[in-house]
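Next up, some structures in structure tokens.
Below, chain A partners chain B and then partners chain C, in two separate complexes.
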Partner chain A sequence: MPLPPAVRLAASDCLTALGDAGSTHAALLRGEVALQLRPVLGADGAEAVPLAVVPGRGYDETAPPNWLGPLQALAAPLAGGGWGTARRPVFVTSSNFGVGSLYAYRRHGDTAHLAYGTPHACVDWLAAALGWGPHVTTVSHACVSAHLGLLLASRVLQAGLAEAALVFSFDFISPFVAGGFHALKILNAGMPAPYADRPTGSIGLGDGAAYAVLTRDRGEFALEGQSLHNEMHHFTANRADGAGFAACLEPVRAAAAGRRVWLKGHGTGTLEAGRLESAALAAAFPGAPLVGWKGSLGHTLGSCGLVELALACVALRTGRVPGTVGASGPGFQPAVAFAEISARDTDGVICASNAFGGAHAAFLLGHA
Partner chain B sequence: MSDSLNARLKQLIVTTLKLEDVTPEQLADDEPLIGSGLNLDSIDALELVVTLEKEFGIKISSSEESRQALASIAHLAEFIRARADPSRLPG
Partner chain C sequence: MLERHIQAVSAHDAGLEEPAATRERLKDRFPRGATRRMTQLGLLVGAALDDLAPDAADAIVYASGYAETRALEGYLESFPGASPTLFQTSIHPSAVQQAMIGRQLPVREFFPLTGSRHLPAHAVQAALLSPAARVLLCGGEERGTWLLAQRAASDRTFAFALALTERDAAAAGRIAMSAADPAAPAAAFTLPEFFDALRQRRNLDVVAAPGLRLEVQWR
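So, the complex of A and B:
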């Protein structure tokens, strides 16, 4: 995909199991791990796996879903912003939306769950709850969903079709979603340790929601060099030579030429993808420190790109970048930073995400 | 017991994965299952692992262990013999 010109980031925030962006950033700096071992199938039990659930929200599905309250709290600063109009469109992204509701219906037979079991039903319901108008676009592209939403919003702005765009993303984990990852054995009883060179890999899953307000010319940060690439290789595996990672990073590398950056990688805790990703990042950005935060927050799935963007904004603002919490050396690459690093001598951050289906995404974020 | 377990595994592979052009007898004990040979992919592996866990009451705990176990029929048989209750193995 051709790179869109830079856009500004006027506001952003996120919600994780550790709180909003400020609270999450502070907790990561303290090395807190939000993931806790709990039964993968919730009330139905089964193996205990690392999951990070927003405090006060139950893991098992309810009808209406128990994530509406946390989402409304996250979106409170956006109230009255006229979102969902032609000049202020909304892009809602998720990899799962309310799919857990279908499993809940299957388990309990309660038809009340069915009202939330499809992306459009979920988004319509959310738009009504948050007072959005009809200009709401629903986007899903596995775990690079939020990146695709950012790219589409940027294009609308650059085409002059809107004055501001809201990208909003949410993925709340459920027994259905976690059960799928567990069946693949990449979610197992082990805690994730992103980029750590160890014999067995594992990931954690976490609740995540976030938003970003994009404009053409107003905001503290600039979003540049957005890149999306699909290596068209396999549903659940990457090309063994890492070419897909490298191809996605190339436009971003070019956009960041001459700048000193730090790297926020995808880093779920799987071994093969972690090796390939960290090697590609090291090749594209020699010497740049690499961190990943999913060892604490878990993988927030389709929302991870937006959740981690909000956290990267706080890191840029404060100059303090949380390290790769939950992991320790040796790492796959010397540049993996397990402890906090400083952003004060850098000109921005490369944020990268990867997804099933061979999808890769990355962008450059810096001060405007 | 080894031969009967190997035979049972071959039968499970063919039936679980609905292999149309392969009979259990055509599968060699040392034939690679993933990536070459039968060329099974990760979705096939997922289906197979679920079947094996139910059939033999074993647990495969990670994707790395799954890959090791599914290296070949012989590897798989060895993996199962080391973990399954003997009463669940074919006589």
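So, the complex of A and C:
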């Protein structure tokens, strides 16, 4: 299957528990860890697990959802841009949308929560709140959702169907989703004990939202080599031979041939996936330094691909790449960088994400 | 204009059938033991895809507005002792993954879409933009229980799959998308309406989303 041509990235930003892209990048450079122990069921208590929540936002669901304000602040630079029209469509991606509202309804019986519980109700409400028109496509594929939005938007642009496309991604954690991950026994309730102390590793979860404005010919950065692969091997495990990681990276490797790159891995903290991912990246890009930021930000789920793209843009712009904050050596590969690295002698970054079902996604981001 | 030819179509209308009845009816379509944890939507989408003999070179586009409603209801009911199985099963796009994991069949591209009023239009556009030689466009819903009572679930259970290629030899029909006047109002054109048209092999010519005209012509 041929690789799609490059598209340009005209603007991007993100929101994490550490602030916007600039603030988050600076905090990561300082080695700050946003994850904090909180009761997994919020006001209903239960075991404390590592969660990174946007400051000022309560973890428990409210009606309307309390993450609208932070999203409106993130999207403020987009206001008046004519988004959601035929020539400027929007691609919304998320894993959870407002599903935490259904948990709140089930627990407390307040029907006000139901208005935000389904993906389409949530997106319709959000589109109205952000002033978008009706040209809104919604994509949901767990933790590679944002990558799919980028690829679909790129194809719309390359087909000449739009002059610009807005990819907008968000996932705000709640007892619904944290309760599910905790049931899978992969949240690091032993924090600050290292995530690697548990036999299978462990992770934290974080709020995340981001946007990217794509165009065909305008923007500081180029997005190319977008690649997907779906193992369809197991819901929560990858093929033990790492073939899924390699299959996804092969087209990106071809796109990056002859260029000096650094690597932003998915790196949630689960050990087997980390071992497979770092080995596949080392094989495809020998000697390229590898970093991951979820040890500080938590896994921002369906938004992670776009959140980390926005952070990678800041890193490319400043030449300073935060290291693998929230983890310590030894890494699975010598290329894992725990401290800051320089992007000044590189041509771009490979950004990779993975999801349930053995889903993989990656792209090459570089200066245009 | 974007267009492809419909090489095959599969439509499964389960109506008000209960999940246990669907499981019993379709259990021979899947590997032994695989259906025990499959959802009703997973069974139906899996059967629809199975009718088209999916291949590793295919791209898959999947549309569902509510997805695994019964698993979601069960997961919500499982609190405070959240069920890990129901959690992972409830995550969109579990239905296709249930089917394809059962087959151990990888695919490069898999685009799961969701939405409501314009979901078929956006799913068709994603399928027509794919560079894959063959695209399987599938979708479906499963009828909810207590979420349906709150109008947060589908009231029908169905699934479909279309095999779309660029070659027209022996095609059963044609599906196309073109630009419509962006100022023209677009009616809601939902997944159940699209399913009914496919099941009845009814021609379509509708502004299925703002600015997007959807045509389906059967031979």
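Worth pointing out:
Operating definition for what follows: the second predicted complex is superposed on the first by the 354 of 368 C-alpha atoms of A that agree within 3 Å, B and C clash if a C-alpha of one lies under 4 Å from a C-alpha of the other, contacts with A are read in each partner's own complex, and residues count from 1 in each chain.
Note that in this section a contact is a pair of C-beta atoms (placed from the backbone, for glycine too) under 8 Å apart; a residue touches a chain by one contact, two chains touch by 3 or more.
Quantities reported herein were computed from a predicted structural model and do not represent experimental measurements.
In the superposition on chain A, no contact is made by A:35 with either chain B or chain C. When the shared chain is aligned, chain C comes close enough to touch A:86, but chain B does not.
By the touch criterion stated above, A:130 is placed in contact with neither chain B nor chain C. In the superposition on chain A, A:256 makes contact with neither chain B nor chain C. By the touch criterion defined above, A:179 lies against chain C but remains apart from chain B after alignment on the C-alpha atoms of chain A. Counting the residues of chain A touched by each of chain B and chain C gives the higher count for C. Of the two partner chains, chain C is the only one that A:44 touches; chain B does not reach it.
In the superposed pair of complexes, A:190 makes contact with chain B only, with no contact to chain C. In the superposition on chain A, A:271 makes contact with chain B only, while chain C stays out of contact range. When the shared chain is aligned, chain B and chain C each come close enough to touch A:234. Put simply, chain A uses residues 183-185, 234-236 to touch chain B in one complex and chain C in the other. Taken together, the chain C residues at the contact with chain A in this complex read 2, 59, 65-66, 72, 75-77, 79-84, 87-89, 91-94, 97, 100-101, 103-119, 122, 125-126, 129-132, 147, 150-152, 179, 182, 186, 209-211. Against chain B, in their complex, chain A makes its touches with residues 183-186, 188-190, 199-202, 234-237, 270-271.
The touching residues of chain A, when paired with chain C in their complex, are 1-2, 4, 41, 44, 46, 85-87, 95, 99, 102-103, 105-107, 111, 114, 117-121, 123-124, 133-142, 148, 152, 155-156, 159, 161, 175-176, 179-185, 228-236, 244, 247, 356-359.
In the complex of the two chains, the chain B residues touching chain A come out as 41-43, 46, 49-50, 60-66.
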